[in-house]
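Alright, structures below, take your time with them.
Next come two complexes, and both contain subunit A; in the first it sits with subunit B, in the second with subunit C.
Now for the complex of A and B:
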């Protein structure tokens, strides 16, 4: 492929700009916090208008179904009563939070910002790899990268018909405004030493929300307030929180949390503040629940899923367990409680002894694991020392649910920087690309 | 009035102070570097005493190297720039990304100068970036209260440093007048931010143009206590 119509020719300038604008992420290694640049590859992933259109339909359908699932299991639990999903996959999931039962979030939306990870197989089929409905991060990187690429390499955008992705902040803002219960929007960050702090501060800048830490907030009479430097208080109507559920409110969840806001759950329960995303969403992006999402789509929407799951087996079911044990060498095993690329092992990399150990573990703890066929997803060209090499890459699509469910016409393409590795996570050394969605002819 | 959190007030004030500290110390350091060209021993001991920095350096060469570039030396110029950048990073949404980028550029350029034999020339882009930072905050910030706090920090630091570094009295008085102007805005609008006793004392100093050399310690003390430390500490809790 000829990359002269992409920012490749100006890659050095783009990377200089990324450094200049502090596009970094933090990582803890051996107990030390280090901030580093997120390696950027100037060759974009390109998605045709037709491909995106189909993907868009599938993502909206999936996120709508997941929102309905969350509403259901935190109220009537019809999907369980109707035998579509076994109870054991819901109520003992680490992501299911009993204190959220019977709470209906403002406008009934649970997952306002959904990060759906996809891969494209060699035949062009897109597969859903994972749903992220808690605090999916990463949209800020392609957002700012696009801005900088347009600055450093305007020619690339003159010569290609690319959907402008710089509307993410306005989508985010309107999502917050839609569920706001009266008051200001704030972004709640654990602070400077969080891995995604750049994103927190950048979104605050771009949406006009106020970046706060827990000590800036307090609850009085079930209303959340931000205190200002003069001792005054301002009511908060929506909190885009970037801290995990368990740390959100020490009065409800982990009492030892030092980054949460005491009684914020009371304000939320009283319908006085929107929490984005809603607490308790982890039950729906559990890797075990992933298996059931196509069934959810049929159950709630009466539609066939547009996008496919990667072929997945649940050792919980005897038939699946037998298949997994017989075919472990060719499967990838995932621990349902892990994230970020951790807890993922490939059968093909195991010794005989390890395979035997894993068979025993899977048999003993069948609910803990899922097994998937390894999708030979396409390699993308990546620049490495002035030459192109092929590397595995996924795509995190961002779906925003406000007045309507919308897919951001872009996304975070993450790639592995190691040959033959399927692990693309930034925390494990991966890089990122911009994602170009082409406009229809 | 734009909403500002207590933590941000603290960071805004110290951002202004640290950026100004880097700028003023760089300028004064360049004067010493200039004297060093002909091989004369720059009196770095007096310089350190003036700015209240302990003399931990073995000789002039060590001072030139570590006082400028050693991040592990908490008094070095680069350490102060690091603190300015650290405050800037947590204020991106207030000062805006272009303003933060100038601090990042200043740091990147500063680090690239280590080992140079023509420090005043090579460091020019660092000063340019700081000038650009001030232009950027003035142009891009939308929360005027936040902007006023940064400038308050800057004017406190400048008056302090000019007096410490022995600038001519008229220049120091100009900076004191500027500081009083900035502080007056807070005296009028936000009771409790300013220590009124020290403020009145400084106004007297400025109005009567008293002998600054003879009263140096007293004036410095008043500048340092002008902004209620308790206010910032309390707000940050």
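Now for the complex of A and C:
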């Protein structure tokens, strides 16, 4: 069966619906905030059952190791003492939060919802490009797009062996329930002006969690409560918070935060509420730490990594630095403290002058950058003005850690809308596709 | 050994009524190898809303609270007795994060060049710290009002002046260049009518307090209230409230020998 010819909804109609539902995301450009649509392309990415099953093993393994790493770093730091990871990579990472030291989150889970970015090379090998363990967003896009496509052409889903992706809501719900410390589940949003507000309200509706803002919550005696309109209070057992660590609790982190909940960290420390994902996770998805993830898998699980990292060099190590300086024109350079595609530059796009500036910068600030071999990942068909063109695409897989670690049989496929561009981030103008995982024959 | 009676009070007067006031106080001293605290009492006024205890990752005692009702002043008063045994700040391991710079201690050109000019010569950690403290003491002038709570070590070094908080931040920065684990301490000292700040240095076995503002090891006339990697980790009082109000703060403390 040729799935590419499967009738799917008219992308234009779906995009109009997405716009009407307010499925948008926001980007910062030159200091100003712009809301923009995330264009949908109707041709799905298709992943075979065998491919998915291998990927699944690798992702579960990786997320389990990352969770063990976080637990270790915020307690004994054995992996440092055993010389696997130099301590400087951990403690000067922006994501390492000393106020989280010695806190064990409910059930020992730090990363409940992990968004792992992968690309598939021309030879079919999948490579991990990045782990997102803080507030990975985007799961709602393929869900909604599928919902709309299903309405437009139900046949496409009835006749094909495509894994139903509607179980995301129940996965999310059981992830929250698993760590809930007694009380209700809430989703904490910064508010309707946040560009991801649609996703927040969508998940609340689908999981039965209550959508709240900080003013709906308060802490008393190290217990988190939600206010109700009768002047009463309801205990909260789990918070899926969609605000970042720095803004989470003005009593512990940025005092000027107007969207956080004062003393929520005290309730969390006392073991009275689960925070999803745990604060402090940024230390594990730091681009510098990425290099060490395959080592973590061996160290904590005693297993060989199933999924490969892109070949990565740390200029911090002399040998790597030499290689990076000698081969800069064929590598990708990433600033460890940036995200959203902003700190990613390709050596092949640089002028002679820029190359030598970069060499100097890398030598001077060796901990600030990592370098990678360019993965020539596959292009997918994308509709552009009624004809198909080939565009680079990656995949964000969602891994949920509750009672067990599970990979959602779908994912967010992002593609570049510029020909020959390798950067697919939505903030760089990329679009998205639904991801169909096929069921075994 | 000394027995001291301490009393410490902070009063905040707001320019107009505030509501939705949340606060965290690190004003209650706790016992460690050096000081044994008995019966610390913390009184908070006005008596509105809930007050409870918590603990932070650095081991400090927190008094947390929320006052939703309008109020125009806020004060807390701690008192108790302390028994001080020696000049050490307690034994035991030091968390690794104490060895790394923070945004407030991160050295710039000024601190790095000061360090180059004043590299200590002794072999042991504590003597090196004392040498650095002595050089710093020589270099700096104690002046009030030129720095604030958000001034970084580098900025204070550039002005070569500041108050105890700045002296402490610079010393922490210098020690961390050396990879020495050290922490910021807020507390009370016998001869001051307000709070003081100093540094504790870990030599691999135990913590020792060193006061760079006076260039000496802390004696038995210092009472520690709290500690962290820098000031930002452990302010004695942190609060937020609703209301477009300014505030005037008065601090007083008294230590007497028993």
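Note that the second predicted complex is superposed on the first by the 414 of 441 C-alpha atoms of A that agree within 3 Å, B and C clash if a C-alpha of one lies under 4 Å from a C-alpha of the other, contacts with A are read in each partner's own complex, and residues count from 1 in each chain.
Here, a residue touches a chain if its C-beta (ideal position, glycine included) is under 8 Å from a C-beta of that chain, and two chains touch if they have at least 3 such contacts.
Since the structure is predicted, the reported quantities are computational estimates derived from the model, not experimental observations.
On the superposed subunit A, the two partners subunit B and subunit C both fit, without a clash. In the superposition on chain A, A:323 contacts neither subunit B nor subunit C.
Using the contact criterion defined above for the overlaid structures, shared-chain residue A:346 touches neither subunit B nor subunit C, since it reaches no partner.
After overlaying the two complexes on the shared chain, residue contacts for A:157 are found with neither subunit B nor subunit C. With chain A as the common frame, subunit A serves as the apex of an angle whose CA-centre rays point to subunit B and subunit C; its value is 90 degrees, to a multiple of 10.
Within the superposed three-chain model, A:80 lies in touch with subunit C and out of touch with subunit B [touch as defined at top]. In the superposition on chain A, A:227 makes contact with subunit B only, not with subunit C. After overlaying the two complexes on the shared chain, residue contacts for A:212 are found with subunit B alone; subunit C is out of touch.
Superposition on chain A places subunit B within reach of subunit C only down to 9 Å, the least C-alpha distance between them.
Contacts of subunit A with subunit B, set against its contacts with subunit C after fitting on chain A, share not one residue.
On the subunit A side of its complex with subunit C, the touching residues are 77, 80, 87-88, 90-92, 96, 98-103, 218-222, 250-252, 255, 262-263, 266, 269-270.
Within the complex formed with subunit B, the subunit A residues making contact are 19-22, 184, 192, 197-198, 201-202, 204-205, 210-213, 215-216, 226-230, 234.
Subunit C meets subunit A in the complex at residues 22-24, 50, 52, 54-58, 62, 64, 66, 95-97, 99-101, 228-229, 233, 238, 240. Subunit B contributes residues 3-9, 86, 89-90, 92-93, 96-97, 100-101, 104-105, 108, 190, 235-237 to its touches with subunit A in the complex.
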